[in-house]
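Before I ask anything, let me first share the structure, which is written out below as structure tokens.
The letters A, B, C and D name the chains in turn, as written, and every chain counts its residues from 1.
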Amino acid sequence: MIICIILLPIIAGILVPLLPFRKRSHKEIFLEGAVILNSILVWYLLLHHSESTFLLAHFTGDLNISFRVDGMSMVFAGLVSGLWPFATLYAFEYMTKEKHENTFFLFYTMTYGVTLGIAFAANLLTMYFFYELLTLVTVPLVMHTLTREAVLASRKYLYYSLGGAAFAFIGLIMVIVYGSTTDFILGGVLDLAKIGDRTNILLLIYVMAFMGFGVKAAVCPFNSWLPQAGVAPTPVTALLHAVAVVKSGAFAIIRLTYYSFGTEFLRGTWAQTTVMVVVMFTIVYGCSRALKETHIKRRLAYSTISNLSYILFGAVLMTPLGLAGAITHLVFHAVMKISSFFCAGAIMHQTDKRYVHELNGLGYKMPCVFGIFTVSALALMGVPGLAGFISKWNLAQAAVDSNNPLAYGGVACLLISALLTAIYMLSIVVRAFFPGRDFDDSAIRDVHDPNWKMLLPLFVFTVFIILFGIHSQPIVDFFYDVAAGSY
Amino acid sequence: MGPNLWINYGEAVAAILFCIGFTNLLLQTNLIKKIIGLNIMDSAIYLFLAEKGYIAGRTAPIVTDGITSVEAYINPIPSGLVLTGIVVSVSVSALMLSLTIRLYIRYHSLDLDEIAAQLKKEGR
Amino acid sequence: MYLILLPILFPILAGLCLLVYRKEPERKLLTAFTGICLVITGALVVSALTLARQSLTLFYLTRTLPICFRIDEISVLFSLLTVIVFICAGLFAFVYMKHEQKEKRYYGFYLMVFGVLNALCFAGNLITFYLFFELLTLSSLPLVLHTGTKEAIMAGLKYLFYSLCGAYASLFGIYFLYHNCDTLTFTAGGVLQVSPASPEGRFLLLIAFVMILGFGVKAGMFPMHAWLPTAHPAAPAPASAALSAVIVKAGVLALIRVIYYIFGADFLRGSWVQTAWLTLALVTVFMGSMLAYREPVLKKRLAYSTVSQLSYILFGLAVMHPDAFTGGLLHVLAHGFIKGSLFLIAGAIIYTTGKTKVHELRGIGKEMPLTMWCYTIVSLGLIGIPPTGGFVSKWYLAIGGLAGDIGIFRYIGPIVLLISALLTAGYLLPLTIQGFFPGADYDYNTLQKREPARLMTIPILFMTILSVIVGLFPNIITDYLTEFVSTLL
Amino acid sequence: MDFVCNFPFFSILISLFSGTICSVLPEKAAKAVNRIVIAAVGVMSGILLLYLLGTGESFVYWMGHFPAPWGNEIRAGILEAGMALFFCIIMYLSMAGGAHKLFDEVEESKHNLYYILINLLLSSLLALVYTNDMFTAYVFVEINTISACGLIMIRQVGRTIEAAVRYMIMSLLGSGLFLFGLCIMYDLTGHLLMSNIKESVALLIQSGEYQIPLIVSVALMCIGLCIKSALFPFHAWLPDAYGYSTVSSAAILSSLVSKGYIFLLIKIIYRVIGFEIFNNTRIIDVLFVFGLLGMIFGSLSAIKENDIRRMIAYSSVAQIGYIYMGFGMGTQAGMVASVFHILSHAATKSLLFIAAIGLTEVSGGSRKFIDLTGAGYRNKWAGVAFTAGSLSMVGVPLFSGFISKLLFAQAAVQVEGKMLAALIVLGISTVLNAIYFMKTVIRIYATTGDTSYPCITFKDMKVHAIVLLFFIVLNIILGVSSQPIVNMIEQGLAMFA
């Protein structure tokens, strides 16, 4: 079952260039069908999952490629499979302006499968495997436009990701050697008897591995690839560089921290302090860079950087509450950021405007897009009644609850970044709606909202943002159960 | 150590020669000199072997006037090794020389660095 | 019970309708619509006030974060003030906004702010309050931005930045409060069970200070007052009237709620936080009026005076003595009406003459006597000369300050208040004087009567009268206040 | 004594003689002979391997009728047979892959010579693999050197001759040292057969006398072989030698010749000196350090390189560093990792060379990166193959590189003192590998590039494409089902002892 879920998108993707589609619409139907079918399968699996581990193949020694469905994977897989169909729908419309779609959709759809692979991985090796794979399948998407810029960006992306993986790999080795097993078990698998007096080395390795996976999660100082990768077509930037790829980085870190090394082992050590400081710094750093950035997508990318570190901040609190907060933000931020990215994409698609200062007065020409953008902006700020507030609330509560003075500082960082977020998001909104007294809109007279393929996903996401904000109780409770390990 | 050195002075000499040859082969830029160094090095080793194989008061391991007792002769294996080694080193030196000739024909020089410089100029 | 939601939802929805309505409707319709909405809202508020002391829990944000509303005396006080000022300013705007563009947008947000303010008054717990506090900032932002000039936008962003700073600082506090209290529902006397001596108590004192600073931003308290003098003049006059009469009061309301309903006065009384707070308040009082004194532009000057006057109120709260508290609340009303009318007057002057600087306005009293008479009266009120509202409130503040056990501030406080009263006279009366007595060299030929339209004068007049009434019959209010103030302190 | 036991001897012999035969045959026939010989040897080694796996123990084969310690012996264990088989596969594929390039790189008259050299090389490699006699080893080392040198200079341009000279000099230095060490060893023990030497060495160690000469001789032999297998810092000759010779030569040299020496070193360590004794010397630490340095500096110079083939050559310096790091760990696990890496690197590196040639010939024969832009589109097979090779080098799962990395890391963790250094350097060198290989991969897929160059489709180069395919498959087999191979290596090493 899991295998076919993972393979279906990959095969579908490979089929795209092979099958002779007579009309573009046929291809769209085929792809959308495949993706939706897959999402349905995923949800079916999530709802009727069994605890059993599915073993695909033996690797060297006792290492093997195997899959399981547990709480975290339910969250991540559910998230990805929820977003993908909409993103695909959006991509159809967006890609009308771009060249060689086939390769694009080939990799775009394959990524779906790979991401699910990460989500369902039952042990560290499997996850590492799909993690590397993810890098490889997403590189062509980054260099899709084949401009010099894109090539450089993808090159950087590769260096960073592979390099990061190299160091994560060391962590993997450590777990293989010092752990009782590589499977993911909430609470960690390290075997203290084996470790003996090597605690510090292990902590050092943990920090290295953290940074290694952190590269994908754009932890400072390894974050400069993310804004550059913004040259990719927007569906990629939105879905991959705001959700799938970067979140898989965060996901991997959560797996590493909670399911492999174990919080018992790490809590209160210098390792925790180190990573927490790094994360806190990243939170503020990302926001302040976003403030200076004038290219819309890059600004959003920087905002992603800081928001990812929110998730990591929750993760490195190393308490169940912290994990819950991290998961909450992982899901909510995905929805918020993808919707704001899609807005940016819609703007670029309709007007070819890329810089913030070009947006004057567009608010009246594209009310839907900018309205939705405003909502997502407010949500990112953490205005109560929208999704962002809830996740921040959970994170902050976890931080306060952890009785870790540093974590209090973290709360302050959250709020500072919230403030900066407000400024860099709302300054866009203000420009769009308050172009200034004597502004002539002759230049943008014939600008208008995009068609339904683009708007539908946007509306859906907005609805979810508000829904999560107002009535988050059931889903948040689910997250808490996951964090408590009851799934 | 000291006394040993005096006892086996032959080996000591061999070792020194070996070093001389080695350094020549390594450091000389002139190809011919390199090859000479190579030969010094090899022959040093043969000297060493011969020294090892020699047993005082015995003759070369060639049966002369019917004496077949082992005590009469020195250990033959080192000599065999030396012979083999000589063959090898000859062939190697021949190869080296041929290469040197080719290079000289092309670049009219035996100085390796100079040749390298010319190659850079060619830039292929 | 759900009636309580009407005064909140109705204006907000009405505003939204205006906003989403595509094309600009013609003026009459628009104004009519807005006017009706305002009046209806007012009626709704009043009717809602009948269900005092009942609380309505609407829904839960998360398992433990209820959104609930409750009406108590404070709510009554503030919501009445809100209603009056908003209706007056609204009427005034119908004329004033003629020479601004995009009226629809203005009215839309105006109504929304109205609703949000009501919600703020009715909020039953800290979360709800915080929610609408944020919304207030966001929905009042467009009012500041409205004119769309460069400086207006800069001012708007400044306003946003400061308010959010405050909001987030207080959110920081809320996180920790939530951790230490079992509920965040507003209850008289506070919900905090921790003793200030204990370690977490000491930490919470810090938190309290942070929150005071945070909410103090909205109330224009030093050091985070700088947004006020920038934002007020940038906004159109009716908006700035609403701003400085009501919206800034939201900060005051917030502080009342947090200090007296969450922390509890006893938690803070005598602590370093109280001292610091008093100091800041007094500094602001003095500094505000000082700056106002040196400010040539009329609206800016009024804005500075708002800064100082608000800190009168804060001083009243900080003393934590019943009389001072009463005085503070009275001053909320008095200052609300006075400053409202003052800004409207300023607006009227700008509207008719287009002059903004004080020294340009010689002989203005001859040109628009009625307006200037109102101006004089309310100025006197603000200075605190009987029988106007300002006098009573300041009286209460002063005796409260003397009675409260606040050490040296017992003397400093009243003195500072007096000095700043003098300064107030210093910066308000010159306009009256040179307005009515332009001096010999003023040629009366150029002078022509240009009293503004009736829709402008009526609100001014109305609020002036109200301010006087507050001064004449303070007992109505004080009697109403005293017994519940005793529950707080 | 089964008939199979003759196979090692046969394989050496036929490759030796077929070489001489080739010289008289016409070129086509020579080519055929050459291929057949390689294939035959491969088959024989395969059978031998199966046989050994069946019996589960190594055997010793007398050359001539003298028993030890006088006679000359051949010894065959699982590892030897496996190596022989593997070498044959790689060599066959490399020959096939580079064949079409041969004609425009080597002048017509020299073709026979080429095949002779190849056969000689093969025989000497096999001898190195199988022999049980140190002096024989030395002799074949020299033969190996000569034939390798021939392979380098067979392409008659200044560069290659110069490269050949440098190569010669370095390897002569190496073999000189080796020989000297060998002589000292002989002097100490009075034996030339590995097994006998080992016994007497053990005795020497027990008696505790002649320690210094023993260490000296071991050190000399190690250094000699290190020089010959281009361990950093003795790698100066390597880039030219691999970079400019014909493609098959490059592939074979980089993946087989140096490996032959390394394998000899392994044999010496296990069968001459004895693993434990070797590990108690400080030599392994030296090897370890130079291994690490090699990993770093090889990659660094590869990054600086602007010529694809030289880049690949430099990367083999780094890979050799990996292998020596494995030695340096001084544990069974480390040794297993090294041996596995010998295999995986051989497979990958030859793949890269063959693919690189495919890329350069659609870029007007230039190997500068700037011209290679978009070559991946012009020659799809080569592009894919090169990508696969690079990924394997970077150590992406599913490819052989990943396994060797895994083994190295696991081995490293078991060594207290060297763990951190090894792990960190592993990480760094992976990053560096990623940098220069991915740079190339992205380059060849960057833009459709200069379309003036011809595109090559499957039809134009069936053989080449198929060879590449085989290489990739081989790589993936090593990467996916590595467990049996690792087990085999362990058994083989066990047999050594």
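Quick notes on this structure:
Following the convention adopted for this analysis, a contact is a pair of C-beta atoms (placed from the backbone, for glycine too) under 8 Å apart; a residue touches a chain by one contact, two chains touch by 3 or more.
Predicted, not measured: the structure shown is a model, and the values here were computed from it.
Distance from per-chain Cα centroids to the pooled protein Cα centroid is smallest for A. Subunit A and subunit D have Cα centroids separated by 44 Å. Rounded to a whole number, the gap between the C-alpha centres of subunit C and subunit D is 84 angstrom.
A straight line joining the Cα centres of subunit B and subunit C is 104 Å long. Chain geometry summary: the mean Cα position of subunit B and that of subunit D are 28 Å apart. If the chains shown are joined wherever they touch, the resulting network is a simple chain of contacts running from one end to the other without closing. Listed by chain label, the pairs that touch are A-C, A-D, B-D.
Those residues of subunit A that touch subunit D in the complex are listed here as 57-61, 63, 125, 128-129, 132-133, 136, 139-140, 143, 146, 151, 154-155, 158-159, 162-163, 166-167, 169-170, 173-174, 176-178, 201, 204-205, 208. On the subunit D side of its complex with subunit B, the touching residues are 135, 138-139, 142, 145-146, 149, 153, 156-159, 161-162, 164-166, 168-169, 172-173, 176-177, 179-180, 183, 186-187, 192.
On the subunit D side of its complex with subunit A, the touching residues are 391, 394-398, 403, 405-407, 409-410, 412-414, 419-420, 423-424, 426-428, 430-431, 434-435, 438-439, 442, 445-448, 480, 482-483, 486.
Contacts from subunit C toward subunit A in the complex involve residues 59-63, 65, 101, 127, 130-131, 134-135, 138, 142, 145, 147-150, 153, 156-157, 160-161, 164-165, 168-169, 171-172, 175-176, 178-179. Taken together, the subunit B residues at the contact with subunit D in this complex read 18, 21-22, 25-26, 31, 34, 38, 41-42, 45, 48-49, 52, 77-78, 81, 84-85, 88, 91-92, 95-96, 99-100, 102-103, 106-107, 112, 115-116, 118-119, 122, 124.
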